[in-house]
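Presented sequentially are two complexes of chain A, the first with chain B as partner and the second with chain C.
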Partner chain A sequence: MEILIQLIANGFVAGWIYAPVAIGFGLIYSTTRDFHFAHGLVYISAAYLFYALYVPANLSFLLSFVITSVAAVVLGLGIDYVIYRPLKKQGATPFIILLSSIGVIIFLENLILLAFGPERMALSKADITEGYQFGGVYMTKMQLLIVAFSILLCLAAWLLIKYTKTGRAIRAMSNDPEMAQIIGVSTNMIRAVVFSAGSALVVVPAVLVGLDTGISPQMGMTMTVMAAVAVFVGGVGHLIGAVFASLMIGMIQNLGVFYVEAKWQDLIAFGILLAFIIFRPMGLLGHRA
Partner chain B sequence: MFGKTMRLASILVCAFFIAAAVYDLDASAQQVYKLGAVLPFTGSASFFGKNTRQGSDMAVGEVNAAGGINGVKLEVVYEDSKTEPKEAVTAMNKLVSIDKVPAVMTILTGVSRAIIPIGEKSKVVVMTSAMLPGITEGYKYAFRNATSYDNHVPAMVDFITADLKMKRLAIMMAQSEWADRALALYKSLFPKKGGEIVSVETFQEEAETDFRTQLTKIKASKPEALFVEGFKAVPVIIKQATEMGIKAQVLGSHTLESPDVLKIAKTAVEGAYYTKTAFDPNSPDKIMQDYQKKYKERYGETSEVYAATHYDQVKLLALAIKNKGYSGDAVREYLLTVKDFPGVSGVTTFLPNGDVNKIVDIWTIKDGKYNLYRLAK
Partner chain C sequence: MDYIFHLLIIINIYIIAAISLNMLIGFSGILSLSHAAFFGIGAYVSALLVLKIGTPYLLAVATAIVATALIAYFIGKPTLRLKGDYFLLASLGFQIVMFRVFSNWYSLTRGPAGLIDIPRPSLLGSTVSSQFSYFVFSLIVAVISLIFAHFLMDSPFGRVLKAIREDEIAAQSLGKDVARFKILIFIVTGSMVSVSGSLYAHYITYINPYSFTLGESIFMLSLIIIGGMGTLTGSAVGVIFLTLMPESLRFLQLPSTVAGPMRQMIYGVLLIVFVKFRPQGLIGEYSFFRTNR
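On to the complex of A and B.
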């Protein structure tokens, strides 16, 4: 029994790692309908940039974090301005946008590979101590921080979307982009907002995961896929759904590994997606069109 | 028109044959003797790539400083296997067809298994230091000059039951062929000594960073000892095991000597025991002392066993070329006659199946340092 609770706890943490990244991806996709596959690239770039600043350059945690956040936003916006917008002006279809996004992530991830080497690296400078115990279930300080910060981030995102004017504009755009433009929503500005916010959201998970388990060049692609799956399972445009879906996927993956080998974790995530596509294509919180 | 075209064609054909003959003539006057090496310079086993190269470079330097092989210089052509059998195959094909080497040195089970058949087909000797038992069985051109799990596992089993007097063992290994074989050995030997394997978990070396799910299952099985084997993931696993409150005795193999292990696992790996090919850098033996002195002068560090193994391999292969000839068959013939070669990595005799029998010591990590705990029994 204890082992099941531990697995659920691990899954809970995993879910909260996916959640902010999924929200970022969801924001971008629901407002622009652009499949920003390179979202995972912002995630992995943030992780590696933080590593480079915090470890070899030995800057303070705060300074490294701030620089990384700014860089992430610049990168996200940059990809939009340099790749997506020009393509869209020329009338590119969503498929073309997806392809270009994949191209970006492959190209830049390989640059990272070239610069840092293919092996995993550790970020944490702290000593190794036993985690905190909650009735037989162990969680490290880092794991608890991941959950705490992710909850804060998701809460902040939700509040901003629900109660601010910009948030309303975002909701309008995700509901109906054409109508939103007609009633005066500046789609270009909202694009910039969601790309910035979405990219900023990945920094905290990237840094915390790096400190907890280390970074490796494969983290980018995997994270994009998880975020995309969470958004679709949760229901496009329903950010709370993306959070629920993230938690669900995280927990099912970890529980699933109890019965099958760890290499099937990605398969489990896709299995969930497939099940939803077949039985509930609008996602957890979506409505039938 | 028949005449003109035919004349042109026959001139071209003649030119072709002349060129081929000249080229062949050139090749038979050997300018340099080449050996191949397919080593992991990148990838999770890059620790081994660096060290083996240092060992073989030093040996090549010594051979050439002593006048080369019958006056001809020796050169090793290095190719990066990237810890990937697929890449290794490309590298091997290049060494065989383009560099036309008579022998290739390598390490790692997956890589060795991929290139040994190529060597067999092309009559090129492959000398490996991989740990998979039986890796040379059935292949005329495959040789191994290192310990295998056939040596490590019995030594560890004996250590756990007789020295530590522990009965409950959990095993966490990277998914691979050698893991299957090592596991099979554990399963057959450990119960015989009165022990019980309480859980077995595997992981994907390259893809995973979070091993807590497997560790959760291991923790639930209440082991007294935990054996971890892989490459770069090992210190991360040990770190996470400690964070999860697993109190079992940590055990491993010489992968615990990789430089980042102490950096990543820090105090978590304190007190761990591991098996290591009998190789004492501090041995008063003259051969070892001379070797370590030269190695330290050249590289500024102490040589571990795999650098020494490849140092020996180059020396052995150079002797083979010198005494028998520059071809796979000649090298092979010579190697089978090698008996009690005073290698730095241990006295070496090749068995008829190309394998060797070397012994394994038990080492430990104390106060952040690697110490010999007990010599092989």
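On to the complex of A and C.
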């Protein structure tokens, strides 16, 4: 029984790692309907950049974090401006955008591979092993930080989308882009906003995961897929759904260990995705189109 | 000389894969990321049958085709009725699921360790063991596939598929059972690439799950993007180009840890460059752009 609760706790943490990344992907997809597959690469690039700044270059934590955040936003926006927008102007279909995104992924992932090698790297921190007990559940300090910061990020995102003018514009665009344009929403500006915000959101999970369990170049693609799954299972355009789905996926992946061998975890997650896509394509919170 | 035959054999194997994927995406407009999964199913079924129970090669391949066709049917039936983005995600999910099955079903597939000593095919009494004979063998299969694909795509069946690609709703309104056509082509192309997978397994004589990853699906996609979608010549050209091009890197004498990622980076750049400047590929008919580029 204790193991079960511990597994749920681990899953809870895992889910909160996915959540901000999923929100970022969801924001971009729901407003632009573009499959920004390279999102996961922005995430892992941020992780590696932070590592490079914090460890070999030995900059302060704060400085490394700030530079990484700016770089992530620049990268995300850059991919949009340099690659997606020109293609869209020429009339590209979503498939073409996806292909260009895949090209970006292949390029970036291998760039990281060349620069840092394929091995998993961790930034060692003294307080990783420090942990706390809550009634039978053990969580490390880093895990608690991950959850705390992710909750804050997601809350901030939710508040901004619900109560600001830009947030309303985002919601309008994800609901009906043409109509949004007609009533005066600048789709170009909102596009820039979601790409920046989405890319900025990944920095905190990237840094924390780097400090906690380590990073490897392949994690970029994995994270993209997880984020996409969370967004579609949660319901496109419903960010709370994406958070919910992220937590669900995290918990099912970890709980799965209790019932089946560890190696089948991912299979379960994707099995669920397939089930949702087939039987409830609008996701948990979506409505039939 | 052996090495040249090796390259040619690889080209033949991948031409079959590229043609089948082209029939699915380039001709019918069904965007799928699960091609490597079917490639792997063909490879594993064929290899396991010959390795474990000594099935004659042709029977093993036939069984692989049937197995893949069945799986394609069960996956395709519920997912092909979904909209493009959702089907794409479903195919992505299926690809990853199959990879996990290959790596985790240890008792059957020996997981990441893979299957070794897969025998070369023995047909009509003799074994196809030398590089040259395998080249001839794979060439024959590739040519048969090309002819098959040509006749299929040139037929009324193929024309309906192209219509579905251009405007699914219009095709439906003209009375064509779009769902049935989609499932049929999904099954046909899945079966074709399973043959390719079998050829691959019995040539290399060793397979492990890492040949059948999402990355491999994406590689197959780039074969037809760069080669050209909607034309069979395009597929052949794409395979030849992308197989031979990295060979030229050999002249640079890079260490293998650099050469590998370097080659991949070139693929990535090529993909972006082609999508931007020549979306119809080297020899393509269709470019997936709304305006006529």
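The criterion applied here is as follows: the second predicted complex is superposed on the first by the 285 of 289 C-alpha atoms of A that agree within 3 Å, B and C clash if a C-alpha of one lies under 4 Å from a C-alpha of the other, contacts with A are read in each partner's own complex, and residues count from 1 in each chain.
By definition in this document, a contact is a pair of C-beta atoms (placed from the backbone, for glycine too) under 8 Å apart; a residue touches a chain by one contact, two chains touch by 3 or more.
What you see is a predicted model, and the numbers here were worked out from it, not measured in a lab.
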item: Overlay on chain A: chain C relative to chain B, clash or fit; value: fit
item: Which of chain B and chain C A:A122 touches, first, second, both or neither; value: first
item: Chain B versus chain C as contact partner of A:G271, first or second or both or neither; value: second
item: Partner chain in contact with A:Q6 - chain B first, chain C second, else both or neither; value: first
item: Partner chain(s) touched by A:N254 [first = chain B, second = chain C, both, neither]; value: first
item: Contacts of A:Y138 with chain B and chain C, given as first, second, both or neither; value: first
item: Which superposed partner A:A14 touches (first chain B, second chain C, both, neither); value: first
item: Contacts of A:S216 with chain B and chain C, given as first, second, both or neither; value: first
item: Superposition-derived angle with apex at the Cα centre of chain A and sides reaching chain B and chain C, degrees in steps of 10; value: 60
item: Chain A: partner with more touched residues, chain B or chain C; value: C
item: Lowest C-alpha to C-alpha distance for chain C against chain B (Å); value: 6
item: Interface residues of chain A shared between complexes with chain B and chain C; value: 117, 261, 263
item: Chain B-touching residues of chain A, taken from the complex the two chains share; value: 2-3, 6-7, 10, 14, 117-120, 122, 127-131, 133, 138, 140, 209, 212-216, 218-219, 222, 254, 257-258, 261-263
item: List of chain C residues in touch with chain A within their complex; value: 31, 78-79, 82-86, 88-90, 92-94, 96-97, 100-101, 103-104, 214-215, 218, 221, 225, 257-258, 260-262, 264-265, 267-272, 275-276, 279, 288-291, 293
item: Residues of chain A that touch chain C when the two form their complex; value: 33, 35, 83, 86-87, 90-96, 98-100, 102-111, 113-114, 117, 221, 225, 228-229, 232, 261, 263-264, 266-267, 270-271, 273-274, 277-278, 281
item: List of chain B residues in touch with chain A within their complex; value: 42-44, 46, 82, 175, 201-204, 206-214, 216-217, 219-220, 232-233, 236, 239-240, 242-245, 260, 263-268
